[in-house]
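Heads up, the next two complexes both have chain A, just with different partners, chain B and then chain C.
Entry: the complex of A and B
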């Protein structure tokens, strides 16, 4: 099964998926305490709706906001609010969070329920607005990493009608297998969610994109699509395995052959992209009314004792998860929330898992280093970064403009079009942190813009 | 287990690539050409290559000391410059001249610009140009390969090249190891000027493929260079853009002359095999530092090198033009980069 569809540029990092691809999803029992950041999405952060000392039930809202672009946060456990205050956050550094001490006597019965969904599932019994409301009430956000509130995505816009729903089952990051296991084990639930999303967003066609290194998932999804009796509207697209195929813009390019205009989002060309995990969560939210309190996380890397795919309560700290997964067996060089290409290296093991954390990767020196002979050198202008940039940029020029504090020059080379996939840094023979510099440049640019008078 | 964790920007893994690996790959690709040069020019070749590599490395080390910069020998680029410079030198060049050329190549060609990555001109070509400008006679004295020594006077080879034999009245001395002769391109130039029949040049195609002709150390054997070039392409150390553009445009120019006036212009094959076109196309023009960044730019650059080379060979005064062509195109590389600015696939963002 060779995928023909692809996008220009990209790289082929080693996959390392064999560590966890055959590990079925395992339920992790509730930890003694969870830390729930109130900003786990793009948009307005939530305000806490509970105070210190309050008793909370499993699935109760602990933070919410009135803004449209936002998503509430729910407690995965029953227990007592221990603190409301700043806690470590993988992206923001620190942010407001609600810490809940789990009641050891409360029943811990949260488990995935894929068996509740069958091929005979009928999305017609749910009104589009009902689906969208359920997505909001359940606190759904894009679980692929960006964390865009699902309710906002699903809202039909008469000015930009959505025609195609592309379901993202690519999972192009090395090491990560959580979406793969989801497609394999919860196939019907995923398809149910896909059909609900299509109904809520009022799209005509559905395309499910899966990379050709997951033949079993392609097979399972194809079978589920055939049995659900909607196959003339749903098409499974086999894509060539290449990083960053799972990036929204590259996925659209591969599946539809069109580029989303720079600086714009997919609705600009009538496309809605949803991750398979989000679809599965949507099905649960709509049919079972279950809030998003747990997610599948791939705990992996050469340094972890028991790598696997775990059904983890949101808010569980990395430290607790390490303990549950057999501890570290080797000296770890980097602990990365997410995959090694785009994930964030963390130093604080009390950082909690959020709705957007698909993996924790425990890397060791030999994996991080690549070429043993390598030492950083100046840029030799080999042009490899230009050749692999999936957005067609000139990474070395942008990075060097940032390095030498020339923000205007960086802008001339379209710095803000960069989506920070890391392909340029990955191939750079001079071992320059191109992506790192570009990220810095973008942050400085955003700050400078804010300071300007309106 | 967590005592040594580090944070850093993503990505957290790297391809098994490095600047050193690239330089090493180019050196490996040069091995066939080095071997052939040692076969044909014996000790002279070995001495010149060793001297150039050592002199380049020493100069780089010294420059870093003077500039109080950390040592940069580990990237291997200085040694590679020495290797390429040596292979572009005539075998009879005295050792002191090679040392001088190497020192110029690294010190003036590279280090004064700021070292690796900052130089405008290919350092090896800078060194060679310096030697050509300073010691013209030494740089155009071509030794007949040692395997074509006096032993073979009157043999097949000599019969093949009557003009060579005529041009070199060989004393029958057993001590004589090598004699000088004109290169295939020199015969081609003579033919263009009408001073000798073009057949003399064209008969040298086959010897030039294996290397039994006069010329620079590394450029005598076309096949050895081709093997190295193919290795670089397979290893993806270089992309096909520059070599293809250089060779394609040069062959096209040569073919136009040959088809229009076959009695004056030598066969395109001679231009391919004799002289430095292959060395230039695969090893010199592809120097990443002095070539454009984008693929479009690389093609433009390569066509420039190919066309300029052939203009010099067919119209200009010099028999060989690769060095000048690369040098001139190096100078316009920043302009090409500006001309071939890449635009995002999604178009230029609005606002």
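Entry: the complex of A and C
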């Protein structure tokens, strides 16, 4: 399976997927307490719909907003609302959240139900509008990491009709295997979700992109596609293993050979990209009416006792999850929500898992690259960052423009096209935190723009 | 005799050139004279005068590119009077005099106040941060320090200050009010919007130096000198109000007085402090409030 479709640029970080790729998905029992941030998506944050002291059922809405670009939040457990207020958040630091104390006498935890879906699943029995409504009601968001409300994505736009649905099964980040296990174990559920999404978004063709380091998943998905009886519309695309293949724009480039214009989103060229986990959750939401309250999380890294793929209630704190997964075995240098390339380091172990948390990686000193050589040295203009930038940018120029307070210059080098994949920082022999500087520049740019008078 | 002959000979040959030069010179002089009269630019003496009255540091606080652009603008539109922060009331009065306007009252000069008083040893940290040492970068991470509302101490404001009036002292941005011109660059640079431009109606202002929206218990856990929104100060003086999890002082109405002093002394965390030129040092962190006589 050499060759395969790909995109220009990119890097080959060590994969470390062997830690968890053979671990079947395990159900994690509900913790004694869950913290549900009211902002787990892109768009308007939710308002709490419950108050302190209220009793909530499993699957009950605890936060909602009227805005179109938003998604409600549901409780994964039955119990009592302990507090509504500021709580830790992996991205925002602190954010409004509902804390629920689990009722110890509550009925059994929600278990995944992939057996409910078979090859004979027929999406035609569901109307497109019904699917979209279900996606909203279940609080579905893009589970690959961005957290864009699925309902908004599926909405057909007459001005920009969507023609192709690309299903993202790349999982190019090192360490992470949650999507891989999902494709392997819940294959029929994923395919059912893919077909529902295609029906809701009214697309003509479906392409499922999987990297060639997951031959078993490719095999399983191919078999499921063949048996589902619409193989002329669904195609499984084998992609060359390279980081960041799972990025939306790079995936489109590899699968369709087309380029999404800078500053625009895939619908501009008639493409819709969805993650496999989102598709699986969509199937559950539409067929079983189940809200998004649990997700598969890869708990991995050299510092965790029992690495694996866990079916975790959203809102469970990282600390509780560490305890469930055998605790830390050695001194963890860095706890990263997500993978090591794009994930965010956290230090507060009471931070909860959200709908977009695909993995928690516990890194140790010997894996955190360059900690021994952390001191950056001057740029030697070797150009490696240019060679690997998947967007064809000049990362060192942008980073240095930001470093020396020249925002206009950074802007001229297309700073805002950068998607912060981290490839440039990864290859930089001088250990310059290029991505960090570009990210800083983007924040400064956004602030300056906000402050400009209308 | 021979010398004389040579001079005469020279003159005989050179006189047309000399005459031509003089004629040309006179012609151009007349031309320039006419041009200077015909094409005269009407320079407004007022602009010159206003420019002379301005501090000439081109800080940009007025919203214009520099002092000369502001001088032009203020002469054209006297409503823009009083925009010069470094010059303050004195400059405004001088400009008003030049423009023969009268200034009503004259607003107090705006100066920055950092709404945090927590030094590194007063704060809770979950881990050590080893990334790019800029507030903007650090602020993008969730847990650089426990408090999400306090000063980060990487000095984005210090870099923005062009008058050396800001320094990070033990992890806290501290304004040197002797050097500060009030241009407001620091307030724009702070990613946590902690620095606010406040009109200093007095040389020294009393403020509640905290913006933590956390509840009292959490604030206490995160910082020794945070506002826990207990409301003790609000009971002493109506200048204090508690909202969004922290107390604030109404700086516009602030008048030094006994009620404020008592509030300051009673504050359980010592978060009420003086800011300004020669402000007395705040109560050391962790020191118990004074038992004020009732």
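In this section, the second predicted complex is superposed on the first by the 447 of 454 C-alpha atoms of A that agree within 3 Å, B and C clash if a C-alpha of one lies under 4 Å from a C-alpha of the other, contacts with A are read in each partner's own complex, and residues count from 1 in each chain.
Here is the rule we go by: a contact is a pair of C-beta atoms (placed from the backbone, for glycine too) under 8 Å apart; a residue touches a chain by one contact, two chains touch by 3 or more.
It should be emphasised that the depicted structure is a prediction, and the values quoted were computed from it without experimental measurement.
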| item | value |
| --- | --- |
| Partner chain in contact with A:347 - chain B first, chain C second, else both or neither | both |
| Which of chain B and chain C A:425 touches, first, second, both or neither | first |
| Partner chain in contact with A:433 - chain B first, chain C second, else both or neither | both |
| Contacts of A:24 with chain B and chain C, given as first, second, both or neither | neither |
| Which superposed partner A:107 touches (first chain B, second chain C, both, neither) | neither |
| Chain B versus chain C as contact partner of A:158, first or second or both or neither | neither |
| Chain B versus chain C as contact partner of A:386, first or second or both or neither | first |
| First (chain B), second (chain C), both or neither touched by A:257 | neither |
| Between chain B and chain C, more extensive residue contact with chain A | B |
| Those residues of chain A which chain B touches in one complex and chain C touches in the other | 344-347, 374, 433, 436, 439 |
| Of chain C, residues touching chain A in the complex | 125-127, 130-132, 134, 136-137, 139-143, 146, 148, 159, 188, 191, 213-215, 218 |
| Partner chain C, residues of chain A touching it in the complex | 85-86, 88-94, 344-348, 351, 374, 405, 433, 436-437, 439-440, 443-444, 447, 451 |
| Chain B residues touching chain A - in the complex, by the definition given at the top | 1-22, 72, 74-75, 77, 115-118, 239, 288-289, 291-295, 298, 341-351 |
| Residues on chain A engaged by chain B in the complex (per definition of touch) | 8, 11, 13-14, 174, 249, 253, 259-264, 303, 327-336, 340-347, 349, 361, 363, 367-371, 373-375, 377-384, 386-387, 390-394, 396-397, 414, 416-417, 420, 422, 425-431, 433, 435-436, 439 |
